Amino acid sequence: MDAKQIYQTLSEKFTGRIKQFQENTHPASVVVESDAIVDICSFLKRETELEFTSMISLSGVDLKDQGKMLVIYHLGSIRHKHKIALKVELDRNNPHVPTVEKVWPGANWYEREAYDLYGIVFDNHSDLRRILLPDDWEGWPMRKDYVYPKRYHTWDV
Amino acid sequence: MTENSKGYFKKMLDAVKSVFTGLGVTIGYGVSPGREVTQQYPEVKREPYDRFRGKLFVDINICTGCTACARICPVDAIVLKTVRDENKKLRPVVFDIDNARCIYCGLCVEACPVDNCLYFRKEYEFSSYSKDELISHFGLGELPQPDKPAADRPSPDMPAQAGPAKDQPVQGKTDETRKEEGK
Amino acid sequence: MGVLEDRLPENILFTTVDKFLNWSKKSSLWYMLFATACCGIELMQTGASRYDLDRFGAVFRATPRQSDLMIVAGTITHKMADRVKKLYAQMPSPKYVIAMGSCANTGGPFYKDSYAVLKGVDRIIPVDVYVPGCPPKPEALIEGIMKLQERIMEKKTLVKK
Amino acid sequence: MIELINNIIGNIHSSTPMIRWLVYVMVIVISSVIVLSFALLYEGFATYAERKVAGDIQARIGPNRVGPYGLLQFVADGVKLLLKEDIIPFYADKWLFIIAPYIVFTASFAAFVPLSYSDHVYVANMNVGVLYIIAVSSVVSMAILMGAWGSNNKWSLFGGMRAVAQIVSYEIPIILSLLAAIIIPSSLDMKDIILYQSGGLGIFRWIIFNNPFTLLAFFIYFTAAIAEVNRTPFDIPEAESELVAGYHTEYTGMRFAFFFMAEYGDMFIVSAIAATLFFGGWQIPFINGVAMPLWLRETLQVVVFLTKIFVLIYVMMWIRWTLPRLRVDQLMELCWKYLTPIAFFDLIGASVWVLLFNGKGVYDILSALFVH
Amino acid sequence: MAVVDERFMDLNMGPQHPSTHGVLRLLIKTDGEVVSRVTPYIGYLHRALEKIAERLTYPQFTPFTDRLDYLASMNCNLAYALTVEKLLNIEIPRRAQILRVIMAELNRISSHLIAFGSLSSDMGAFTPFLFGIREREFINDLFEMVCGARLTYNYIRIGGVAQDIPDGFIDKTKEFLDYFPPKIKEYNDLLSYNAIFIKRLANIAVISPEDALDYGVTGPNLRASGIKWDLRREEPYLMYNELDFDIPVGRGEMGRVGDAWDRYMMRIYEMEQSAKIVRQCIDMFQQGDHIAKVPKVLKVPAGEVYVRAENPRGELGFYLISDGSTKPYRLKIRAPSFANLSIVPKLSGGVMIADLVAIIGSLDIILPEIDR
């Protein structure tokens, strides 16, 4: 199935919760409501026509100028060999999105990483801690307005 | 003989056989030391290939002071200061390369518009006791304007901080932290 | 050696003994198996068949307690820095440190733009020899070790400084 | 040694108690010094040899810078280890931590005593020599556990536990397989055992060739012996990739050196037992030594004995640098499911053989047949 | 206050441990030798590569991709170049494509050699590790010849490759291709089919196909689970669709499909295949440019792409958002080892400590790529 058909299937199933279809990205992306992400993901995984068996990647993006945060889920299917990106737009000041850990267990670490670097909170996540940076690190370094710290523990950064 | 006991002996035989196969491989090396591949470094030095990216050098006399190298350097290892001389030509008065920070990627050499101006030598043995020695200074240093001394250049290195004293006995307390680690 | 250290006058006998002690220290530099990043691979290759650090009497030990030399091979991040300090503290003196590669020297590629990398391992532990390169060739590392050996030979153990 | 003194100064048993005790003490001190220096020299060269053998097998050179051909490597290592700071971890159990290495070393060193290096060169001729060695070297497992527990380090503790389990288990196949050999000369005295193996061109009356069961017993013994001295593929107590450095993780400097030397000492001991019990000890192959002058014969015997030992040690090193290591449960499986039952049946077989052929070996039987 | 469960012992493995392949830290709950839970702690090598990418221009970032997975720098260079080229929409000259494939496959061999070697040294056999590095040196020489560095190549650039190959490179590569296959046989004799090695790895840490997909495991680890998924075939980039090579899939030769031995063996098979690909590429060589025309100041058109390539460790993906300037707006690196490692807690319930080492080794993770 190509991306257009996937989008149509989705918009039929989840009427009103799919916001937008962006065809010029590679792979084509579907912008969805943040509340619906778990339903959509489990639908995408279960449906035999789609069968997105694995989550390839999950990335956070800081759109500082628009006051938004993006979470982008790259999904792929081994059987049907198609790919799609799901996008969720979040409020930059209070980014919250439900976790998809239950759908793909592999999402666990990706979500922790997005939390670590962007401060995006994944609701109902089983173990939301910093993953790359030390636990006592301050700030969300991948945000565009991040100021580099001057000192860490007993030495200069 | 039951199937089970057959497996018992077969497994044993297979194991012994595979062990001896492995021993056969190693004894081949063990008895013929001529197969060694060691290059005895200080005596035998393999000449690096022509493209080897060793220490960076500048032919400062043909440098046009275009600063292309300093701009492309992803780690700011090149500190370059230029002034215009009486002929309105740019002269590099300060050209420092911090070999301790250089990542030997070769981007600067490719960016340099003058042939054989900035180039890698095949030199790689220049370890030192201090970090300052690793900075190579190429700048012309002749300063037409005496109001800009060489010490003015931004020091790329902060002074090394004093760590714990050398040969300091480590007993007792230092292990507390180790204990917490459980290691 | 604690009793005699730095106490004896300088004469031929003690200087010779000193030389012998230094010779034994330099000939048996057991390095710690401590590698973080790219340089670690070159460190392994230096210990492997073609360059064979064992020729110099240098073998690797897994535990800091039995090592004399810490070759900081690779990037040290702030998260790792405390561990490096601890490992250094766990080594019995006399102990030596070689900073191998640009990352350990100054932070190297991550000097400018990284918030997470320690800019030079000499900020947390004393370094004896800096080996430049990114990563240094195994030959360069061996040269660094030989330079350290020279330095060890110059040191005085028993004789007054 | 006592016999030697007797020869020199007459029968000391007839002298006054004072002199007798003095001589005893002197003898003990001198012989200890001789054995200790021999053991240390051997251990130094063994470490050097290990590195050279590893070098050969791995297509590299090994130590060659320190002294001619790197021969002084072990001197440098030893002196350096002496100079190292002596760290006793803060939370260690200090007494256990301190004495464990000495006990390990003493146990391995004490096993050098009853060995018979030649017809007349030996320290003490015990009539229970084999038993004594087995008994003394079992102390090692206790001392290793002491050190491991004393270090108060989890990796050390794992190493110590593994070592004890392993050494205690493998003692059983070792003793069973040794029994299969011992019932042929029916003596525990090293010298008797060696003398039993004389004749037959100095090679065919070796116990290993006595009957098929002794041949098998040797392989069982050798496998179990490698486990007994904690070497690859059975080096799980100090498995570098799993337990950092196992039971000696926390040891520095000279204390570590004692552990290290004890390992090589143990290698010598198990090889010496194998050489004595299976390979005719100091019996010189193919040469009839009776006609030689005494000093030449003795020297040759010592050389032959040491050669046999070193060949076995080389095999151990060769195995070490070839094989991967077993997991701890697989190690136990090998011991209890394979080696112990087989050794047991082997012992029965050997006993039956002795009963059937009245203690005669294959060589005796065949030569008797051909003479007729 | 936290409740301490006294049945279990907390054990901290790493960040400095001989077999964690870098600075991985594993917090292990054990009951004796049996592991009940493993929590990996990563980030000890987090160098903020993604942040650096946002602050550097596109060509400037290429050297940093070398340091992503330094065992396969060429492949990382390649994936990054492919990503930027996708946005730039430029045609790569044929010669550059062939060169890229040769370099990527040679690097795959050298990376798998380390995987092979480090697993063997984790299993306690040190010699195969050195043999692996011995062959790797040969490839390092080839790379030094072509681009002047042994490990961090910075050779595959946006638009092509940095330099054309020097004289003699083809001959030397052919020499390597003749030299290499007999060595694979040696590895198999020495290690792959060794009974101890099989016993250590077969049926250990079986990854079922469903789990593999759920956790996003890719590369040889996925193929070992029986799923024939190789991006070189599924989404052919460069000229992989013209090349003839097999994709080895785990068959459970020694145990179950997807066990540690299968994962190990995938790499041996893939080395053979890569050698085959290089040989084909050499025959296909043709004259031409080594790099396409790329402007000196590179402005990449605005857009979003996710491009992935088959690295030795799995799928390396770059998600690039460009805003039309000279610097990336966001560059997300999807590292294969990151996903491969995340399955470790799932795999390691009820295994033994020694198995844990086997699991980490057989997954062949590399830390700089995980931590970025």
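As written, the chain order gives the labels A, B, C, D and E, with residue 1 at the start of each chain.
Heads up, the rule we're going with is that a contact is a pair of C-beta atoms (placed from the backbone, for glycine too) under 8 Å apart; a residue touches a chain by one contact, two chains touch by 3 or more.
Please read all numbers here as calculations on a predicted model, not as lab measurements.
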item: Co-neighbours of chain D and chain B - touch as defined; value: C, E
item: Comparison of B-C and C-D (more C-beta pairs in contact); value: B-C
item: Relative to chain B, chain with the most remote C-alpha centre; value: D
item: Far-end chain from chain E, centres as C-alpha averages; value: D
item: Distance from chain E to chain C - Cα centre to Cα centre, in angstrom; value: 30
item: Chain centre separation in whole Å, for chain E relative to chain A (CA means); value: 25
item: Separation of chain A from chain D, taking each centre as the mean of its C-alpha atoms, in whole Å; value: 64
item: Overlap residues in chain B, where contacts from two or more other chains coincide; value: 19, 22, 25-26, 36-38, 40, 48, 74, 103-105, 158, 161, 169-170, 174-175, 178, 181-183
item: For chain D, residues contacting two or more additional chains; value: 54-55, 57-61, 64, 85, 87, 154, 240, 244, 321-323
item: Numbers and ranges of chain A residues touching at least 2 other chains; value: 133-134, 141, 155-156
item: Residue ranges of chain C touching chain E (in the complex, touch as defined); value: 32-38, 40-42, 44-45, 48-50, 62, 64, 74-75, 77, 79-80, 83, 87, 109-110, 112-117, 134-135, 137
item: Residues of chain B that touch chain E when the two form their complex; value: 11, 14-15, 18-19, 21-22, 24-26, 37, 48-53, 72, 74, 103-107, 110, 120, 181-183
item: Interfacial residue positions of chain D with respect to chain B in the complex; value: 53, 55-61, 64, 85, 87-91, 152-155, 244, 318-319, 321-323, 338
item: Residues of chain B touching chain D in the complex; value: 12, 19, 22-23, 25-27, 29-31, 33, 35-38, 40, 169-176, 178-179, 182-183
item: Touching residues (chain side chain D, partner chain E) in the complex; value: 54, 57-60, 154, 158, 232-233, 235-236, 239-244, 321-330
